[in-house]
Each structure stands twice: as structure tokens, then as C-alpha cells.
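If you scroll down you'll find the structure; I have some questions about it.
Letters A, B, C and D mark the chains in the order given here, with residues in each chain numbered from 1 onward.
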Amino acid sequence: MIIVIRPKTQKEQLDKLKEKIKKLGLQIHESIGQNYHILGLIGDTRVLDLSQIEGNRIVQKLIHVGEPYKKANRLFKPEDTIIKVGDRAIGNGEFSVIAGPCSVETKEQVIEIARQVKSSGADFLRGGAFKPRTSPYSFQGLGQTGLEYLKEAKKETGLPIVTEMMSPEMVEKYADDIDIIQIGARNMQNFDLLKKVGKLRKPVLLKRGLSATIEELLMSAEYIMSEGNEQVILCERGIRTFEKFTRNTLDLSAIPVIKKLSHLPIIVDPSHAAGLWWLVEPLAMAALVVGADGLMVEVHNDPANAKCDGQQSIKPEKFNNLMNKLSKLKESMR
Amino acid sequence: MIIVIRPKTQKEQLDKLKEKIKKLGLQIHESIGQNYHILGLIGDTRVLDLSQIEGNRIVQKLIHVGEPYKKANRLFKPEDTIIKVGDRAIGNGEFSVIAGPCSVETKEQVIEIARQVKSSGADFLRGGAFKPRTSPYSFQGLGQTGLEYLKEAKKETGLPIVTEMMSPEMVEKYADDIDIIQIGARNMQNFDLLKKVGKLRKPVLLKRGLSATIEELLMSAEYIMSEGNEQVILCERGIRTFEKFTRNTLDLSAIPVIKKLSHLPIIVDPSHAAGLWWLVEPLAMAALVVGADGLMVEVHNDPANAKCDGQQSIKPEKFNNLMNKLSKLKESMR
Amino acid sequence: MIIVIRPKTQKEQLDKLKEKIKKLGLQIHESIGQNYHILGLIGDTRVLDLSQIEGNRIVQKLIHVGEPYKKANRLFKPEDTIIKVGDRAIGNGEFSVIAGPCSVETKEQVIEIARQVKSSGADFLRGGAFKPRTSPYSFQGLGQTGLEYLKEAKKETGLPIVTEMMSPEMVEKYADDIDIIQIGARNMQNFDLLKKVGKLRKPVLLKRGLSATIEELLMSAEYIMSEGNEQVILCERGIRTFEKFTRNTLDLSAIPVIKKLSHLPIIVDPSHAAGLWWLVEPLAMAALVVGADGLMVEVHNDPANAKCDGQQSIKPEKFNNLMNKLSKLKESMR
Amino acid sequence: MIIVIRPKTQKEQLDKLKEKIKKLGLQIHESIGQNYHILGLIGDTRVLDLSQIEGNRIVQKLIHVGEPYKKANRLFKPEDTIIKVGDRAIGNGEFSVIAGPCSVETKEQVIEIARQVKSSGADFLRGGAFKPRTSPYSFQGLGQTGLEYLKEAKKETGLPIVTEMMSPEMVEKYADDIDIIQIGARNMQNFDLLKKVGKLRKPVLLKRGLSATIEELLMSAEYIMSEGNEQVILCERGIRTFEKFTRNTLDLSAIPVIKKLSHLPIIVDPSHAAGLWWLVEPLAMAALVVGADGLMVEVHNDPANAKCDGQQSIKPEKFNNLMNKLSKLKESMR
């Protein structure tokens, strides 16, 4: 941590600040240039109340040298984290695939899709029972009934279930039925929800917020981990930019960056990123080659009648085709 | 609503789509150009399931002509909404000021600041009891105790309380004690929370999300209103852009735009927007002249020891000075 | 300047880097923490070739403490720069107004508008003779003829001319005829053009690029100044964000920020920022109260037949009304 | 093109607008809904002066159905454009690789690198002779001397030269010596420069601007093509977003999108996009799998002493390794 001192600061005020810092057990390396004056702090700077430093009128700015996350930091845990779900795993060097409809609509639909994606090689079944929608007038999901259908699909196919939870109460009620709890992009900084899933001991799939930096995503993972649950899977799903042709801009550079900064597994959701079904295949393949641990993809057997996200869902045959291409690609990269 | 049909679409598929639309009671105006083919829909297009239309492979894109929000739309309610809180109001043509510390720290602190801002002319007291913080290691607020201190400050000064609620459970527990419930930027699309406050009959202050468009902000207001609570105050607090000198970029154009699109009152929070105390005054004055209904500003008597946001809080004397300037400015604009 | 050294760097490599830095006459303050290792450099770090430092594989990152611009920096020239143009000035504490049509269309048009804006109190006449347009099929301006019309309008009204130059050749040919040379947003980093106007000794109005940071704007000013021309007027005209209701997002915070960082005058162009005529008035007033040195505004006597930017031009009566409001506002702020 | 008419418009004004449109040979399909009123225009809407329509006060907004570019549009030329350079080509289904140093520094350096990249399989040599730099104090390139060195490297290796031109004058002077003229991101909307290279009959490599949409990139290509030069190669090199870990955010979705919208070839520059050498390899591989026609990559034999962009340049051995991986990947995708 480096503190830049405002020019023409009075010695007395500076001494007060330095004393305050030293009392917290930190060392100070002071550098005075021609035009600049900085304090470099050595030690565990998490003891500092940053806003108190920043609020000090003699402080021009704070510069962070290290990362503010600890449990998610590869510096402190160099080996990759592997998340186990039954006999499956994410982060073990394989490329795990989560597939299924945007929302659960009928029992038949979800079971049929589950069977199809399983036969194509998917490892997990996704499906929304509770849907966060921008408009209150859009379909909000089947709720608990949707969850029941997912469970039946799991019974039929053996595929573990990934589904979104939107509030601490929901987690309370339904967590037991779910194999991987998804936290949506809009809830990435719903801190009460993060703390709640942090108290569980089951995998959490944390999606990057629409305008969240990589560091903020890792800080949200840190929230979950600091409550004791270290089974966090990250998910890149596109960020908001000025480009409007695609719904969001998929940030594939984030994959190798996160692999460097953190030991947590990271998967990619090309369906939500692009918002266009014909972009799913190329982006999924790109996700594999940049080093993602897996994929989350929307598959629907009748997109023109899907209750949500029809324009970004691919049909089961397309999905099967994609799985074949991914497998060939994986083979070539060994 | 306009549907752009993909070139070389088969007549049969097109007929199917047209039939589906007509069955919903909508009229179709079809236009076929040299290179383009569009369907213009006439009628209440909210009956449409948009994702089904978009999911149809013969549809190239959907173009919205009207706005997707209704209750928040000035088209359907031309006169300004005035939110009454006791003998005070927001949206009545006056410039209402909400002031107070970022977080409640001690009883003495909050009462002292409340007195000071009241004597300078503030209309409401703000203060965080429950704090959403990016890092799990930052001060998370005093919680219920903080709320008690706010109530004491209200008893002492008569200033109604504005404070943030972060989950449906919190609203359940504490709403009665609060005069205006604040929904923070990170929770603007926490739909469960929006529905919950929508069931109350008390004012809600809804902050714009970090990367939310004006339309999305109004859709979130619509969520609250569609549950029956029409007492929504909007708040512009800066959006996330590539510029890094300021914490966010305050979008002051949003004020006259929202005034045109909606009848809801809108206030400005220059403290969070800029993240720098010395920008609060000029931005507050700009908020007044662009037509905002009020201001939300962080005031702290000892920023260098504030437990959060010290760098963006102004001291009571500065606040008093600002109130004088605002009052002079208001006078000149009559 | 602070250099963060990659963990587990070999001593030998580090010594090489340190030696290289010392040879340039800089001092090094080294701080070694538990997990981090930094070098703080003291002295005039402009002697450093930053890309060589960053290209060194043992360097994790470079952190700048100071600003990279010197001539534009208020630190080295605390007093405000005043740009004189005949008997007028920008940056002298008055609020200068540049007004006129987007593009020069006919002699009659530009003379009529010039008379009208002058009678309302404008200080300078703007008008495009050479127009940068996104589409090659849009009106590209009258060129030299347009410039002749502007000169006639100047002769009639006495208003100095502000017009855009798009290439070094154009500057070569036409600079003598122009009072203030405008560099458009799209050319903010057209370095050959910047160097060219840097060789002149006349005022340059430099517009902020669509996605330029404040620092980059000041670096472009530095380009002009480093060639010897210190008469630079900055112009904030909106930045590109995800918000699509307005053409761009006017960054009014940039005004007080630039006033703090630099001694150069800064004006605001609300017409291009918003792209909507009904937003010009509130944003112009906001520009005044946040401390801008002036305004650049598009005025057209027949917007529905304007050859460009009709939707953002205001009519002369509206402009007159705006000038009255601005004058009242200015009065109240003394 | 669809025109949305403002509510409560007077019939007389509307009739005037309709007449004006019809006179231009366009047909109008009028649709009047409960709350909305639209005019759909049929015919070649490029005859319209859009700003005149938008400037009309009865017009609420214009909605474009088609694309504003014609020569670059795949709709009007379905087959892929192949750019031939001597016996090499870009856009022919192969994956072309342009490699070389950021800037030409010495004759030895550029010849050595040219030999190395050639032996690894590069098709073209890149190297900056004239460098656009954010700071006037940074190395600005060797200029004409640099170009001479590039020509010698070409003589030695046979690799055609790709280098940047920054002004119309430069193009005048040097175009003959260059095989592919590069237009940099900062000059994507330097329209005078675009028109100048549009008059040539040789390949132009047009980089996407830092905040340019895909449509704007295609409009800049249209500028070149409308002057008669249809040999345009597009280049995605990252866009500016709020994420700061990487220098820019590489928008890989843009590749399949551009392939759909246009017949022009598109390559990817992972070096400038990421700004970090260790991201070049994964992003280059991703570029291949999403369907790019090639790659532009910075290679330097001594990054720690490179005069620019050392942190994003890879060493020749790394480059060789990358070429092997790309070749394996290409093989697997056949």
C-alpha cells in the first residue's frame, strides 16, 4: 500500500498520520521527491481502515500494490481448487459442461432436454426455476414446481442440478435440493446472499456482474469463502460495454487472468454473453482454448416457444454438434 | 414494436408467426422493401412473449418503439408525483436535501451530525446501519444498534430517516422504523427485494445501478410500482465508465431525460458519484440547475476517522456553506 | 514512479534493473514486504523509457504517482492561463460563449445566425466548413467556400471564427483565416495534426475524444504545448458509455477535476454531448455552475432543414433565452 | 428506416414531412397505434438527409432497420473478399500471420526478427517506422530511416511489409514502399486519411478504434471503399471498457459478427488488446477458433530493451511455439 501525500502538507498533520499507521504494527518507508511525497507501508495492510486513510485531507491518493483478496488469491494457495460434485468435478483439468434450458417450463420439457444434453456428454443440468427478469411483466419462472421438475430430471438422468437462488430466504428453503447454487450476475454484490451461501458447505457458481471488474468478482468470491465455504466456481458471462450488436461483450482475456490471480475454477457462459444463438459455438470453442474449466450453455428443444432467452438458446442437435467439436479440439490440445 | 424478418424467409414460417401474433389481438402492418422485410405491430404489445419472438429463427431483430414501463411512464400520468413524508415532501418543486454520515458509528456522532445538518436546512437524515461493502473485511455497519441511534437522532431533531435495506428479511424486520427505505445501486436489480418493498406503503429511494441504463432504472421502479407501492424516488449516483479519476461518472443528463420520460421525482447523490469531497459542491449545484428534485449528500464531522467513505464526506461547515449557495442559486432561478 | 517486482525474482536480474535506473540519475527506495517487493523511484522519471521497464519480465507492474504531463500541469504553473483573441478572452473568469451552426450551408444562413447569436451576446462564431462525418454518404461540408462565408460573417459582425481543421495540410492552407482552430474529438490523438497546430502561435480548441480519459486529453494538450504553442482551450463534449438515450454522457465532473490538474481553460459543448436540443439548456447551465470557462453551442435558424445535427441545434430564440438565463445565473454566483 | 412521430403532432406538420419524403421517391407505410405513431419508409433511404429528419421537431426518433454501409455489406456481395499481396493472401481460408517488432529500432534488429518470424512461418512483417504515442516525450519512431530498414528486411526475407501511416502526406510520400498500409486505432475516424488511402489500389489494414462500434468500423471501411479501394482488411484489437487489468478488452465476438455482416477479412491483434505478453498465446488461439482470417502479433528479441510495448511483445521462441500450437489447432479444425 502506498499513500501519496498532498503537496505542502504540514509536518504536524503528517506525523499524526504516521503515528496512527505505526500503532497498527505497520512499517513506513518514506520517499520524498522533488514534487511528490509518498509513504510505502510494509506489513499486513488489511488492518488499515482504508476509508479513514482516504478521508484524511492530507492524503492525495492511495495506491494498492497487492490484491485485497486473500482466500481466493493464488499467492497464498498455488494449487488449483477442484470442486467435486458427486462423481463429477470442475477444475480438474477436464472441460465440464453445464447445459439446459433458460427456464424450466414443463416436466416433459426439462426431462427431454436433460436426456438429450446427457447423451451429448453434458456433465450437469442447468435450468431456472426462479428467474430474475428486467421486467415485472415477463415470465418469472415456475418457482418451487420448477425445482421439483429439475429434481425429477436429475432422477431420470443422474445429472446434478445447477439453479439460481435469488435471496437468503430461498437459499434457506431450497439449498438442500440443489447440487450447485448459482448466484446471478445481478446479485454478484448482493452481500447478504453471498454471506448466506458462504455458510453452506456446497458448491456455488458465482457469475461476474455486468460491470464488475475481475478484482470485484474475486472480492465477491472472498465474501463466500470468508464465511467458510471455499467451493466457489467463477463464471465469465460478458460485461457491459458501448457495443450494442451483442448483448454483452464476452471478456475471454479474463480467463487466463483469473487463472493467474486465483486458484478457483472459472467457466464461461457464451449464451448470456452474446445473446445470440449463432455466436454460442465459436465462443464456446474459444473458451476452451483460452483455458476455461468449463462451459454453461442454454439448450432448448423449441427456442421459438421458449419462455425466455429463445434467441440465445441452441437446439439439442446443435449442442451435440458443439460437443463433438469441443471434444476434437480438446484432443488436439493435449 | 417492429419485427425485422430475416431475408429469404419461407412464406410458410412467416405465416405461422403472423397468425400467432394476430391471435393475441394485435394488428400487423407489413412492409416489404428491396432488401428488408418488417412487421409493425399495433396494439398493446405487452401481451407478447418477447423471447418467443426473438427465439424464432426467422426473426432478425425486434425494435421497440415504445417504452416497456407503464406505471412509471409520464405518457400515462402526465403530472409529477409528489412523495410526502410527514410534513415534508420530495418532488413538489422544492429542492429537498438528505444529509448525514455514510455509516452510523456512535450515538453521539449521529445526533451531532443530525443537529448540524438540520440547522443548515437539511430535510432528511441519512445514515447507514447496514453497509454493503465490496470487501468482507471492511466495516459492515452497526446493524440494528445503528438503526436505534438513527431513531434517537430523529427524536432529537425531527428529521425523518433514510437508510438502506439489503434483503427482504431486513425489510420485514425494520421497515416500520424507517421513513424512506433506500435500495442501493448494487441491489437495483435484486428483484426479490424490489417486490418486497413494493408491498409496503412507504417511500422507497431507488438508486441507479452502476451500469444500469435509464430504462432499466425505470423498469426497476416499475417492479416496485407493479406491486402497488407508487412512492418511488429515483436517485442518480454516477455510472461506471472508463474514466478513473472520479469513482464514477455522474450522468447529469439523466435528470432532464427522466423528467421527460417519467413522473417520478429524481434526486442526485454527488458524494458517491465522484468519490471525492471537493467535487460535492460543484456537482450539487449542477444537480439543482438541471432540474433535480433534491440531493443526497454525505456529511461527517471527522472524515479522517470516518468508518467509511471519509474521502467523499464533507464537513458540517462545508455543508452549511453549500446550503447557502444552493439557496442563493434557487432564488436566482425563480 | 513505483515498480512492483514479481515475486521470486532472482537477485541478479533485480540488480541489473536497479543499476540501469541509477545510471539515469534516479534514486531508488526499496521496500520489501512479506508478499510484495517494490522500488520507489525519486527524481525526474521522464528520463525513463517506460516500455523498457514494463517489458522487463521481472516487473509486475508500474504505478505512476505523478502526472505524465508537465506544461499542462497546474503544479508547475499555478495561475490560470488566459487565451486572448483580439479584444476577447477565454479563461479570464468570464463565461465565454461560442455559437453558430453545425455546418456552414449558405452565406445568408451563416450571416443571419451570426447576427442573431451576436445580438444575444455570443463572443465567438462557430461553423463547420470541413465536416468529419461517420458516413461517406453524408454531407461533408462546403470546404473552402464555407470558410469564405465564415469570414464574411466575421466581417459583418466582428465575431472571431472557430472552425475545425482535420489534417496538417488543411492547417497549412487555412490557419491564417481562423481565429481559433478546433481539433475534433475524433482527432484528439491525431498526433501529426497536434504537432502541426503546436507549431502555430494561435489558439487551439482541443475536444476530448469519445473514450479519452482526462489524463489523455491533457497529454494531447501537452503535444501541442511541447511544440511551443501554449494557447490551448480544452473542451468536454461527452464520453461514450453504455447509456444510449443520450448520444454521449456529458462528464461534468471533468470540469472541476481539470481545473485542479491544469491551468488551461476548459469549456463545455452540450450540443454534441447530448445530441438532443432540449438537453442543451439544462446542461449549459450546469456547465456554468461547475466552473467551466465557457460554452460551445449549436444554433440553427431552421433545424428541420439543417444539413447536419439538426436534432441537437437550438433556434436563435431559444439561444437568446438561454443567454438570459446564463446571465442571471452568473449574476447570482458572484 | 422507421420514423417515430412525437405524440400530439399537428396534421399539417406531419403532412409536410410526408410530402418531403415522398418527393425523394420513397414509399411510406403509416401505422397508428394507441400511443404510438410511426412511418415506415420503403426504398433506398440513403437519399435521405437523416439529420434533417432528426432535426424535425415532430420526429421523436429514427430507427434504422438496415445497415448504413453498402460496399462493405455481405448482403450485396455474399462471397468472401480475398486480399492478395504478391503470392500471399488474406481471407482465403488460411490463417495469415503478421509478426514483427512494435517499432523498428535498428537495421540489425528488424532483419533478425524478420528472419526469425519467417522461419516460424509468419507471412508478413510488421514494424512501426512512424509511431503514434500518447506522450510527446515517448520515442516517436525512426521515421523514413525505419522504413528503409523494413525494406532491407523485406529484401532479405521476402516478407511483405505492413506498417502504419498517420497522415495523408505520409501516404503520399511512402505508400509505394509498403505492401499493406496500416491505419491505427486512433486514426480509424481520421476521414482525410481514409479518403487518401481509398484512392490507392493497395491493401489497407484498418484497426478498430478504441471505442468504435462494429458498425462504425464498417463505416470507416466504407469510406475507403467508396473512394474505389476495396482491398480492406479489418482488425480487432480490443476496445476500451471499465476493466483495467488488461489494457483493453479483446472483443472476440466481433469476429463471427463481422463475418456475418461483411465480406471483408478480419484479423486479430492480441498484443495491443491485452497489453500483456503472457495473454498473447491464449488469445491468438481463441482468434483462430472463432474464425478470424489471421493474426497480427508483436515479436521482439529483447523486450526488456524494446523502445515500445516491451510488456506486450513475445520473444521469437515463444512465437515459434505459438505458431506450432496454431498449426496443430488448425489441423484439428479441418
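Please note the rule applied: a contact is a pair of C-beta atoms (placed from the backbone, for glycine too) under 8 Å apart; a residue touches a chain by one contact, two chains touch by 3 or more.
Everything numeric in this text was worked out from a predicted model, so none of it was measured.
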| item | value |
| --- | --- |
| Comparison of B-C and A-B by number of C-beta pairs in contact, larger one | A-B |
| Identity of the chain that, by mean CA position, is farthest from chain C | A |
| Chain A-chain B separation of Cα centroids, rounded to whole Å | 26 |
| Separation of chain A from chain C, taking each centre as the mean of its C-alpha atoms, in whole Å | 39 |
| Whole-Å gap between the CA centroids of chain B and chain C | 32 |
| Shared interface positions of chain D, touching two or more other chains | 211, 240-242, 244 |
| Complex contacts: residues of chain B adjacent to chain C | 211, 213-215, 239, 241-246, 249-257, 260, 273-274, 278-279, 282-283, 285-286, 288-291, 328-329, 331-333 |
| Complex interface listing, chain A residues touching chain C | 2, 4, 7, 29, 31-36, 38, 40, 42-44, 63, 65-66, 75, 211, 240-242, 244 |
| In the complex, chain B residues that touch chain A | 46, 49-52, 54-57, 59, 68, 102, 132-139, 166-170, 186-187, 189-193, 195, 210-211, 216, 219, 222-223, 226-227, 240, 300, 303-311, 313 |
